[in-house]
Structures are given as structure tokens and as C-alpha cells.
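Sharing a structure, written as C-alpha cells. Questions coming.
In this document, chain identifiers A, B, C and D correspond to the written order of the chains, with residue numbering beginning at 1 in each.
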């Protein structure tokens, strides 16, 4: 089928490639003309502008937006929506907050445009393995673009989950779970390393990946990381968070769902980025006040 | 090779079967003679007593103990050790605390017996998939029994990790990680279910298992459980813990390793088994005291 | 000085009384005319309507709004603002979200009205002990109403903390801390009760309140509760949360501040209100899937 | 009454002073003879050795041991027990683990010696305010030394709570609560500081201490600390833990009591002392593996 991709970064570019390999016709656009040229040379139809992109598509047009969430996604959808015609389809494949996706679906519906929100997981491995896609929004739009989605995903790696927002809500929770799983492994590996047994963590991860209850893809990645750098000496203990973990906690709080491990893993990341935490200095100050306990002077 | 298995329950019985399929000669013993007879009919050499078991083995004897941890393991190892000869091998394949394994290794060494502690993961799936084995203890003993271990494990699913205790310490941490991973998924599924999107959790688990970052064997089991009972209406919110999670927290505390998600998942299980938690009643009482807030009367 | 109070419930009614005792002239209004009559009989000037209330005040008018947060506060401030004149003062003494207070301050400023947000703590004990008041908003308005605030508060129990929102933000954090302190005591008391020592918790709380590091007003309330009902047998393990705890976690997440104990105490309350938690049933289902572990059937 | 104090450090020295002020006769001993001389000059009877100390006491002798917990307490009690006579009393006023106190009580009972374990709280403020004392052990011994305990404690600040161990178990839980309360305040103050309101935390603490729900002695100490150094710039974010917090978590785990806030506060202290946490580096490594996310290179 024919589909457009806006945003040719780490994720979008590889999606174009995977779609091309699947025999689809892809119209590709990015503000970075070099990225467009590169993919055009690989078989995509390059677009010089959103206008050009829309002009190169047959109705009903299907436009996959794969730009950073927040303001870039907001502006891209707003801009392309002005150029589209009733019945055309906008798919947000980025990491948008599901509240925004619900709002955008409604705004686009006012213009008779159809919207899909696709939670997309797979990272840099998607080109090779396929992207896991959780999709919400207009069911007729889903049917229309399903051939492309099936190409993007691994076998059985895509499904429609309900009204607009269902895709990005599922992706949000996916990432919340991901944070806590990563933290679970991280705690375990630190404890192993703190033991008297001098474990080879790459070997242990490899063994665990064969038949144990904790085997997983993340554990395969851990094995790979430990193989390259057994003590992870090349890395700082500094961990970003990209938004979905925060949203997961916020939505859990709004729905009165206890999420102790997801919240704890988010807080561990927050703490990793603090230089001389104020809270910890309050603790030191209080210990000094009541017990005369020694403190480390700054 | 020739090996004895003491304890023919859910785990031990299937281990005998897997060893037999691998062409090993297995001497099998359990206090339950019916279990012995059953496995004898499947090709094992049945033993009537520990004495009989030891008599049926060639030196150096290899005896795999697969009975419940704690007192049963303690007594079994003590009893069989009295019957063995220098250079014989005792393997504890159960879920013993690694401190006990270190102690037992030393006690057996005093009698010139060799000891291995094997952390064993795989549950009821081990017969089919193989048992993941993390082994510590005497390296010459490991070499001797390796052919049997290779049969018990899936490909690459067994390795030697160091001195006595290394196997059970690794298994302890494995289970701590398992607790937190399970809790991570559980929190995520509860949040999905608390949403307005009416997810089919079996479908979502299946999709996540194709290419997503959170794919794992536990998630495959979740998909299986949701397929059988989408709302898990057949189950009570009551969750046992079997010891390793507690030990993981204790060892982390002893080594000053922060384990917030492992501890939180353990506490969630504790709370699941409480009827009218006293702590929560203290909270209700305090709210009533300072704010005159309504409380639910028992 | 002269001040009006709108909302004569548990908090507002006692505030009128405390102001009257302090020699202030109080115009009191509530939709419940019986509440108005009661306070009129105690010396307040009763108002029949917001119009009547405004008519009975001298400019610049000072109106303290003490109604439930959310919609009731929104409507009351909106309604009374229409009746006020430039330079008049609206004080929100309720538990509003500070974002709303910032918004209301701006909306009122457009009408040349002055706004104060007063975080108010003290519960049912405020009449006797005074209300702790943390105030934000227009500094000239603060100066105008300070005599009334000083009467409402215990000695040194009121201060101005900055622009609009500062009062309710401080109150929000106060309640977040309160949740975690309560949970800290609750965990401790449960552990004491789980011991082999059969503690008299009222006696222990009383002793702790004399010279120990954990002495506090909440601990005095705990002593009082244990004295009345040593095992708290009259209470259900069911604990409401009133919003500020949730906001505290949300604001911490927004500002990347780790709040593990505040979040944990909020989650404990959420869990207290769950009947057969879905997350816990997921855990039970997974244990059954991988290990064949027994589950409790519903 | 007559009582001996062994250990004249920060705590023991001031206890001697408080007892002397109360009119008691105190025999004081420390390995540091300067400490003995100082207290002798203030009215105590100095002892040159344990033998000398025992010789200077009338039967039944009462000996308060106030040395660091662990090995020093073990050795001191062992040494002095050899010199005492049946019916004499040993009081351990330090921060011993209650399991040790139970064991020591039994060992001393074999020699017909009476034992008391006194959990002691109050820190450097004890001299002025009195020491909160939670006592377990032999009830007849408690009655004998009660006059001294009443002098040491503030009014109503001492009580007998049951058999040996009850005192130190209560102190252990006290400290667990203390950890979580401190952490609760610390989180709150960090969130206040992360706000847009520029709070004066000394002022806010002072206001909160007048009539608010979170008022406490710890909050008075916080106010004092913030007054001296509003941003706590003189302190490092490094916080020791002294054992009781760990024991509290261990005992909670042993008794299946959920202690999420106490554990979280302990883990925050552990993390404060880590330089480049391995767990956090595992997180960074995993993010890099699956998403190609940027990491900070060491």
C-alpha cells in the first residue's frame, strides 16, 4: 500500500526501510533534506515539504507522523491536517501522552479526518525484528493501514485495542512496566556484585536466559552489555527518563492504582541525576541536630 | 553417567525422567514408595532406603538432593552423608539459603565429601524446557556431574559460578528479581484494567511478546493465564512467598544495597495475606483523631 | 477587624467562633441557614445570601471562603467575585490545588480583586489550639487581614510565604509529609504488635512522647486512640485519601523529586480500599502458571 | 539510690550528670581515665577498673552498661558478670539488637544475675530533657532501679514493657519509625525547595510547629538547622545508618509485616553513600542497548 512517513530519525527512517522491504510505496519527509535524500536513494519517494508530501499521496491518504512527542508532534499534526482532505488518515506513531491523542482525535474528527494512535516499541532493533505496535483510534482507518502495520511489526506483533488513546495508553503502561523490570534486574545485579562470589554477570545472564523464570529480551541485552564491559566501567550512574514513566505514575495516582515498583524505579532515575540531593542533606542535618552525629562537610 | 536423586516430588520426579531420556542411569529414592515404583517403571533404579541407594551407586557416588529446603534438606544431607565415602558428591538442588550451603559444604568437607549447591529454576516447565542450573561448590565435583547437568538443563543453561554458596545465592537473587518483575507486570495490568479502554489483556500480552521491550517468558505465561480467565475471576488476591524474596531483602540490607522494587514486591505479598491490617487501622484511627474523618466501623 | 466567612462546616464554623472570641466582627454565611442562625446566636452577624454578606461588609471587604475544594470553591469564589468591588479581598482557606489558586488569583486580579490562598491545618483541634496558616498571594491583602489570621492561629502559627499558590503548595506538601509520617508510625505499631512482647501500645506511645526522637502531635493522637481501643478492633482497615497526597506525588513527578515514602503511603491507602486487587490476582496467576503453585480459588 | 555506669561517652557521661543532679550516688567507669576523673570532679565516685567498680557497690549491685553495641557491649557484660554476685543487676542501655539481649538475659540468669534491656532515646538533648527509656527484662530488677530511671527520664518517660528484649525491640522499632519520619520531612522539604515559591524553610518549619498536624520535635530540629544554614550548603548528601533501621526491616521481613516507608528510607541512606551505583549503570547500559539512548561516559 501507499503510506507517508513524516520524521526520518532513528525510528522513522528505519520504518521507511522496513516498509520498502515489504513492497510498500513510501512517501518520506523530514525537515532535514539529507535524510530525505538518503531514503529516496533507498527507494522511497522523497517529499520537499508537507504540501509536496500530501500532493504525492492518493486519497484516502495515510500519513504516519514519527516526530518527537510534545510540541513537534502537535505542530506536525496541525500543519498536515490543514492540507489533508476528509477521510484521510493521520497516524501518530510517537510517544504521545494518550490525553493528547484523545484530544487530537476529536479535533481531527471535526475536520472529517481519521486518527490512529500507535504505541510503538522496539527501539533500534525494530528494523531487524519489527516494531511492536499497539493501536487505538478509528477502526476503519486501522483496516485501511493494516497491511503497512503488518509489515512494520513482527508476526502477530500488531493489534487494534479500541478507541483513540488506547494505543498510547498501552504504550505508556508498557514503558512503566519496562522501568520497573529494568530496575528489578539492576537491583539484582548490584546485589550479585556486592556478594563474595565474584560472579561473571555475562555468564550468569546467559544461563538465566536458558529456561529460568526471569528470562527476557531485556536480560539478553544485559548479557550483551556485560559481555562488552563486565563492570560497566565506561558508564556514569546517570539515567534519563523520557516521560512515559511519569505519566504512568500520574495515571495510576488518578485511578487509585498502587504502583510501588513503577514509582520506585522512576524515583531511582530522578535520584541518579541529583547532585547533592537536598533531601539527603536534610537527613544529615537532622542526625546532626538530635544526635550530634558526624556529618560530611561540603 | 550414574546419579542418584533423593526426593521425587514435582521437581525431582521430572528430573529423573529428563535424566533417563538423556540416557543416564538414575537411582531414585523417596519416602513415598509409590513415587519410587512409578519412576522405577519408567526406567529408574528404585531404592528402598538411603542405605539401599548408596549401595546401588558406584564410587565416586553422586547424590542429588531435591527435597524441601530447611529441615528436610538438613536431615537428608546429614543422613546420607553418614553413608557416603570420601570423594563422594552431594548436590543440593533445592531452594536452600546460601548460608546453609556454605555451612554444609564445610561440614561435608570435614568428612572428605564434595558438595555442590545448584540453584534450579524452571518450575513445572523444566521437564519439557530443561532446568536452568546455577552451580557453586567443589569444581572437581562439578566436572564429574556435568554430563548429568547438561542433560537437565536447556542448551547453555548450566554453568559453574564459584565456591559453595554461589549457586544458591544466585538463585536467591534470581527469585528476588522474579518477584519484582511479576509485580511490575501486575501493576501494569491493573492500571490497564482501570482504564477506560477495556483492553483484552491476553491480546495485549501477545502483541507485547512480539518485538516489544517488555517481552519475556513471564509475559507469555500472563498471556496464557488471561486467555484462560480474562478477568482472573477464579483467583483470590492472596499471594504466598517462599523465602528467597525475604532472603534477598535481608542480604541486600546486610550489604547496604538499595532494593526498592524487590522489597516493594515482597511487601505487596505480605499485605495480600493480611486480614484487616493493623497498620491501616492505625491510619484510620489517626485520621479520625485529628480530623474527625469518618471511619468504617468493623 | 471585620471579616466574612463563607462555609460554616466543621472547619468554618469553629473559625467563626475563634474569631469572635478574639473580638473580631464576623459576617457568616452558609447555604444551611441553621448553621448561620447558630453562629448568629453566638455573636456573628448572619448573612442571608452572598449579596447580603457583601452588603454587610465595609470596604475593603475581606471574605474567607471555607467550602470543599473543587467545584464548590470554584463556584463560591466566582459568585462572590461578581459582588465585590476593586481592592476587596478573597481568601481561600480550603484545600485547593495550588494550580487553581494561581489561576484564581490571576482571574481576580483582572477584576482588581486581591486574593490570598491560606493552607490551613489543625483539623477539629483548631478551635482550641488554633489553626496553622500558611499564606500566599497579595502581600497588601495579607497585611490587611493579618489581625484576623493572628487570632485564628496559635502564637507564631501564621506567616506569609510568597505569591499566590505558595499557601496551598505548602499545605499540599504538609499533607504529603503527614501521609508518610502516619504510615511510618503505622508500620512501626504493626511490627510491635507482631512481636512476641505483647506491648501496651498506649503506654509505649506515651513513653515515646516524653523525650524520644519520634515524639510528635500525631503520636499523642495515637496514644489517645490506643487508650480508647487498644487493638483498634472497632475499625476497618480502610483509609481514604483526600487529594493532597495525590497532588504531592504528581508535583514531585513533575519536578523530578524522589518521594518514595510519600508515594508508598499513598499506595498503601489505595490498596486498603481494594477488594481482591487485580494486581495480586495477576501474581497468583503467574505463580500458578510457572510453578504450579497452589492458588486460592475465588 | 546507688548505681554504676560503665561507658562515659556522649550518652553515658551525661547520664551520670543527670543522675548526680537527681541526688543519686553514681560509680563511674570508663577505659578513658580522663573521662572518669572529669565525672569524679563533678561528684561521681570514680572507678579504676571493673573490679574497683564492683567493689564500690553495695549488693544488690546495679550496673548500667552504656558502651557501643556489638562487641564492646558483649565483652563488657561478659567481664562484669564474672565479678558480680547472685541477684545483682546488669542494665544494657545501649542500642543492642534485641536478639542479643534475649540471649544475654538467659546467660546471666544462669548465673543468677538479673538483666534489663533499656532502649534509650534522646540523643545529645537527654541531659537537658531527659532520656526516654523503654525497658524490658526482670521485673524485680526494674523495681529496684526505677528511682534512677525516673531521674534519667523526663516525667512519664520511662516504663517497663515486658520480658527481656522488649526494651531493645521497642527501641529498634522507634528508630525505624524515626528513619521514615525523617525521610518524610526530607522529601517534603526537597519538593518545597523545587517549587517556584522560594520558601524560607526555617519560617515554614516554625509555622508548621504551631498547630499543624505534622508538628514534632524532629520538625523543631529542622527549623533549627534551616535557621543556621538555610540551604544546608555546608553538608554533603551522605547519610549513615546505625543498625536499628536494618534490624527493623529484617524483623518486619521475618514477621511478614509490610514496611514500605521504613525500607524506602533505609534504601535512600544506602544510595546516599554510593559512588556511581552499579544498579544505575545497569539501567544506563540497558537503555543504550535497546534504544541507542545516549549515556554519560565515565
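Keep this in mind: contacts are C-beta pairs under 8 Å (C-beta built on N, C-alpha and C of every residue); 3 or more make two chains touch, one makes a residue touch a chain.
Worth saying up front: this structure is predicted, and the values here are computed from it rather than measured.
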- request: From subunit B, count the fewest steps through touching chains until subunit D is reached.
  value: 1
Field: Distance-maximising chain from subunit A - centres being C-alpha averages
entry: D
Subunit C-subunit D separation of Cα centroids, rounded to whole Å: 34
- line: Cα centre of subunit A to Cα centre of subunit C, whole Å, reads 39
- prompt: So, what's the distance in Å between the C-alpha centres of subunit C and subunit B?
  reply: 48
Message: Among all residues of subunit B, which ones touch two or more of the remaining chains?
response: 123, 125, 183, 185, 187, 190, 213, 217-218, 256-260, 264, 267-268, 271, 274, 277, 279, 290
Statement: In their shared complex, subunit D is touched by residues of subunit C numbered 121-123, 125-126, 129-134, 136, 153-159, 161-163, 165-166, 169-170, 173-178, 180-181, 183-185, 187-188, 190-192, 194-200, 203-204, 206-208, 210-219, 248, 251-252, 255-262, 264-265, 267-268
Query: Mind pulling up the subunit C residues that touch subunit A in the complex?
result: 213, 241, 246, 249-250, 253-254, 256-260, 263-264, 266-268, 270-271, 273-274, 277, 279, 290
Message: Quick check: in the complex, which residue numbers of subunit D touch subunit A?
response: 10, 123-125, 182-183, 185-187, 189-190, 193, 217-218, 221-222, 224-225, 229, 232-240, 260, 264, 268-269, 271-272, 274, 276-298
